[in-house]
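Letters A, B, C, D, E and F mark the chains in the order given here, with residues in each chain numbered from 1 onward.
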Amino acid sequence: MATLIEYQDASPEVRAVYDDIMATRHTDWINNFWKALARDPATLRRTWEGIKQIMAPGALDALTKEMLYVAVSATTQCGYCVASHTAAARKAGMTDAMFAELMAVVGMANQTNRLAAGYQVEIDEAFKV
Amino acid sequence: MATLIEYQDASPEVRAVYDDIMATRHTDWINNFWKALARDPATLRRTWEGIKQIMAPGALDALTKEMLYVAVSATTQCGYCVASHTAAARKAGMTDAMFAELMAVVGMANQTNRLAAGYQVEIDEAFKV
Amino acid sequence: MATLIEYQDASPEVRAVYDDIMATRHTDWINNFWKALARDPATLRRTWEGIKQIMAPGALDALTKEMLYVAVSATTQCGYCVASHTAAARKAGMTDAMFAELMAVVGMANQTNRLAAGYQVEIDEAFKV
Amino acid sequence: MATLIEYQDASPEVRAVYDDIMATRHTDWINNFWKALARDPATLRRTWEGIKQIMAPGALDALTKEMLYVAVSATTQCGYCVASHTAAARKAGMTDAMFAELMAVVGMANQTNRLAAGYQVEIDEAFKV
Amino acid sequence: MATLIEYQDASPEVRAVYDDIMATRHTDWINNFWKALARDPATLRRTWEGIKQIMAPGALDALTKEMLYVAVSATTQCGYCVASHTAAARKAGMTDAMFAELMAVVGMANQTNRLAAGYQVEIDEAFKV
Amino acid sequence: MATLIEYQDASPEVRAVYDDIMATRHTDWINNFWKALARDPATLRRTWEGIKQIMAPGALDALTKEMLYVAVSATTQCGYCVASHTAAARKAGMTDAMFAELMAVVGMANQTNRLAAGYQVEIDEAFKV
C-alpha cells in the first residue's frame, strides 16, 4: 500500500542515497522500505546513514547484527522487518541451525520477560552494578 | 514484591532445580527470577530445562545468545531481564564496545520496525522465499 | 510521581465516581489509578463506566476477567496493572495453582507468538472462517 | 476474516450506532472496524461513544488527535489502525510534510525508548515532579 | 512464506511429534505452526511438550486457557496466533457472548495499561504484598 | 543503575555534544539519558543529531512533536521516556487539558488496536490508497 519511488522517478537527492545503498550492499536492487521512505528524503538519508554506520562490522560482526535485528523484529511482530532481515542474515551466512537457535532464544526471552513481569520479580542487588 | 523461596525453605523438587542451576552456571547463587518461579515447581523445572537447552553453545555461542536475550528484553521494556541478561552477557565476555553496538542495533531496529509499519511497506517478492 | 486527588480535595463530580467505585467494590478505599485519572474527570468517568460494565460477571465470571486483565498486563509489562489486577484476581478467588497456570499460559503464548512471527507462518485456510 | 454486519442486516440497536457514525463523520459509509464490532452491540456502542467523545476537537484539534492515533498504531504494529487513521488524518488536513515528520518522531521515540531501557537509565529527580 | 514440512516428508523424530499432536487433539490434521517449527526438531518437540503440559486442564479449564492465549495474541498483534487460538477456543466451547466479553476486557486492559503508564501511577502500598 | 558520565569527566567529543544539547535547549543541565549514552560517543552523537533534526519545529510544531513522543512512550511502557518527554511537553506549552486529551487518545488507540486484531478486521479497500 505504500507509495514507492522508483529510481527513474527519484530526485537527485534520493538517487544519491539509492546509489550509496547499492554500492554499499554490492547489489543493483533497492528494496521497498527505502522506496517508501523516499517520500521523505531527510528521513531516507538519516535512516540510511544510521543503518550504514550501525550495521557495519565492528566489535560485532555483520551476521550477529542481522540476527539481533531479526530478534527485535520478531518480538515487535514487524512482518516486513522479519522478512527483510532474515534474508539479510542468510546472505551474511546464517545457517538453518543458527536460525533455529536464534528463534529459540527469541521465543524463550519473550516467555521469561513476561514471567518476570507477572511474578513481579525485583532486580537482585548483584545485578545493580 | 515477588514471594521468593530460599534454598533452605525449598522442597526437594525445587532444590534439585536450584542445584542444577548452580552446577550448570558454576556458581553458588540463585537469582530472584528462579526463587519467584519456585512457587510453581512445574514451571520452574520446565523453564529451567528450556533455558539450559536453548542457551547452551551450539551453532551460536553463549555470548551471542545472551546478547539476543538483551535485545528482546530491551525491546519489551523488561527491566529485570535487561539487568540480569546484561550481567550474563558481560560474564560471557561482552565488552563495552560490543554492548554499545548491541544497543545501537536494537535502537535502530525498533525505529525502522515502526517506519515500515507507518509507511505500510509491503514485503518485496525477493524476500518471499 | 502522579499527582493524586484525594477524596477530601475532590470536586463533586469526582467524588460521585469515587463513591460509585467504593459502592460497587464494597470497599472504603480508592487506589492510586483512579486518584491519578481524577485530574481529568471526563476520562475518570468514562474509564470507570467502561470498567464497571466490562468487568461485571456476564458470559464470563469476574475471576476469569481479572485473569485476562493480568495476562494483558504482564504481556505489556505494566507493573502497576500487574500488581493491582493480581490483587483483584486473588480477591475474586484466584488460588496459587490458578496463578501458576495463568502465568504458564501467558509465558507460552508470548513465546509462540514470536515463533509464529519469526518463522513467518501463514494462517491455515481452516482458521479463516 | 472478520464477520461483518452490513447495515441492511443490522439490528435497530446497531443501525442507530451506524447512523450516528455516518452523521458525525458526514459520510454515507461505515468502515470494517465497526461492522466487525457490531457482533457485540454493547462494545460497538461503548467504543463509538468513547471515540466520539475523545476525538472531538477540544484542547487538541482533530488533526493532532488523528496523528497521535497513528503514532500509537505504528508503534503497536496494528496494520488496520495505521491504514484507517492515516486516512482519517489526511482527511483532517495532514500534508505529506506533516506525515513525514510524524513518522520521524515515532521512529525516533521507539529507538530512544529502547536505549533508555537497555542503558537502564534512571529517572532524573528534575522529572519527578 | 514459511517452509512447511509435511508428514510424508518428515523425519521419524518429527513424525513422532505430529502423531502425538494429532492423538492429543483427536484430529488428523497438523496446522502450519508445527509444520514450520519442524525445521528445528528440538524446538518443535520442546514447544509441543510445553504446550501439551501447560494447556491441559488443571486448576484452570481448557477454555479459560485458550481465552488467555487469545488475550495475549491480540495484545501482541500476532495475526496467526489470534486466528489459531480463537479457533481453538471456539472448539473448546467459547460462545459469541464469551468472545465479546473476552475482547472487551482485552481492549480495556490495553487502554488502562497505557493510562497507568502515562499518568505515572505508583503502585499502592496495599498491592505490594 | 546506568553508568553516567558527568561533564567534568567527559572526553572533548562528549563535551561537544553536551554543549550543543545545552545550547539548543537553552539550559545548563544534561539529563541522565545523555549521560548514559555517553558511554558510546558515536551513539550519543548520532542520537542527538537525529533528535535535534527531528524535534525542531517544521511542518509540526515542537509541542505536537513532544506529545507524539509521549504517546509512543506510554504505549511502550518506557517510564523514563514518559517522565522526560512529559516534562518537555509541559515546557513546550502543554496544558493540563491538553495532557488529559493526549492520554485519552493514547488509551483509546491502544484499546481499538487490540479490538482490530482480536476481531481480525481486514483493511477496507477505501483505505488502500
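Convention: a residue touches a chain if its C-beta (ideal position, glycine included) is under 8 Å from a C-beta of that chain, and two chains touch if they have at least 3 such contacts.
Since the structure is predicted, the reported quantities are computational estimates derived from the model, not experimental observations.
Counting only chains that touch, the fewest steps needed to get from chain A to chain D is 1. The chains in contact with chain B as well as with chain F are A, C, D, E.
Distance between Cα centroids is largest for the pairing of chain B with D. Interface residue usage between chain C and chain F, two copies of one sequence, is largely distinct: under half of the residue numbers at the contact are used by both copies.
By count of C-beta pairs in contact, D-F exceeds the other of the chain pairs B-D and D-F. In this assembly, the C-alpha centroid of chain A lies 20 Å from the C-alpha centroid of chain B. Between the CA-based centres of chain A and chain E the separation comes to 27 Å, rounded to the whole angstrom. Mean C-alpha position of chain E lies 34 Å from that of chain F. Shown for chain F are the residues in touch with two or more other chains, namely 1, 39, 42-43, 46-47, 50, 73, 75-79, 83, 86, 100, 102-104, 106-108, 110-113, 115, 117, 119-120, 123, 128-129. Viewed as a network of touching protein chains, the structure reduces to a complete graph with every chain in contact with every other.
In the complex of the two chains, the chain C residues touching chain B come out as 77, 83, 96, 99-100, 103-104, 107. Interface residues of chain F, counted against chain A in their complex, comprise 1, 42, 46, 50, 53, 123, 128-129.
Residue ranges of chain B in contact with chain A, taken from their complex: 1-2, 29, 31-33, 36-37, 39, 43, 47, 50-51, 54-55, 58-60, 64-65, 67-69, 71-73, 75-76, 78-81, 83-87, 95, 97-98, 100-102, 104-106, 108-113, 115-117, 119-124, 126-129.
Against chain E, the residues of chain D that register as touching in their complex are 1, 39-40, 42-43, 46-47, 76-78. Against chain B, the residues of chain D that register as touching in their complex are 70, 73-75, 77, 79, 82-83, 86, 102-103, 106-108, 110-115, 117-120.
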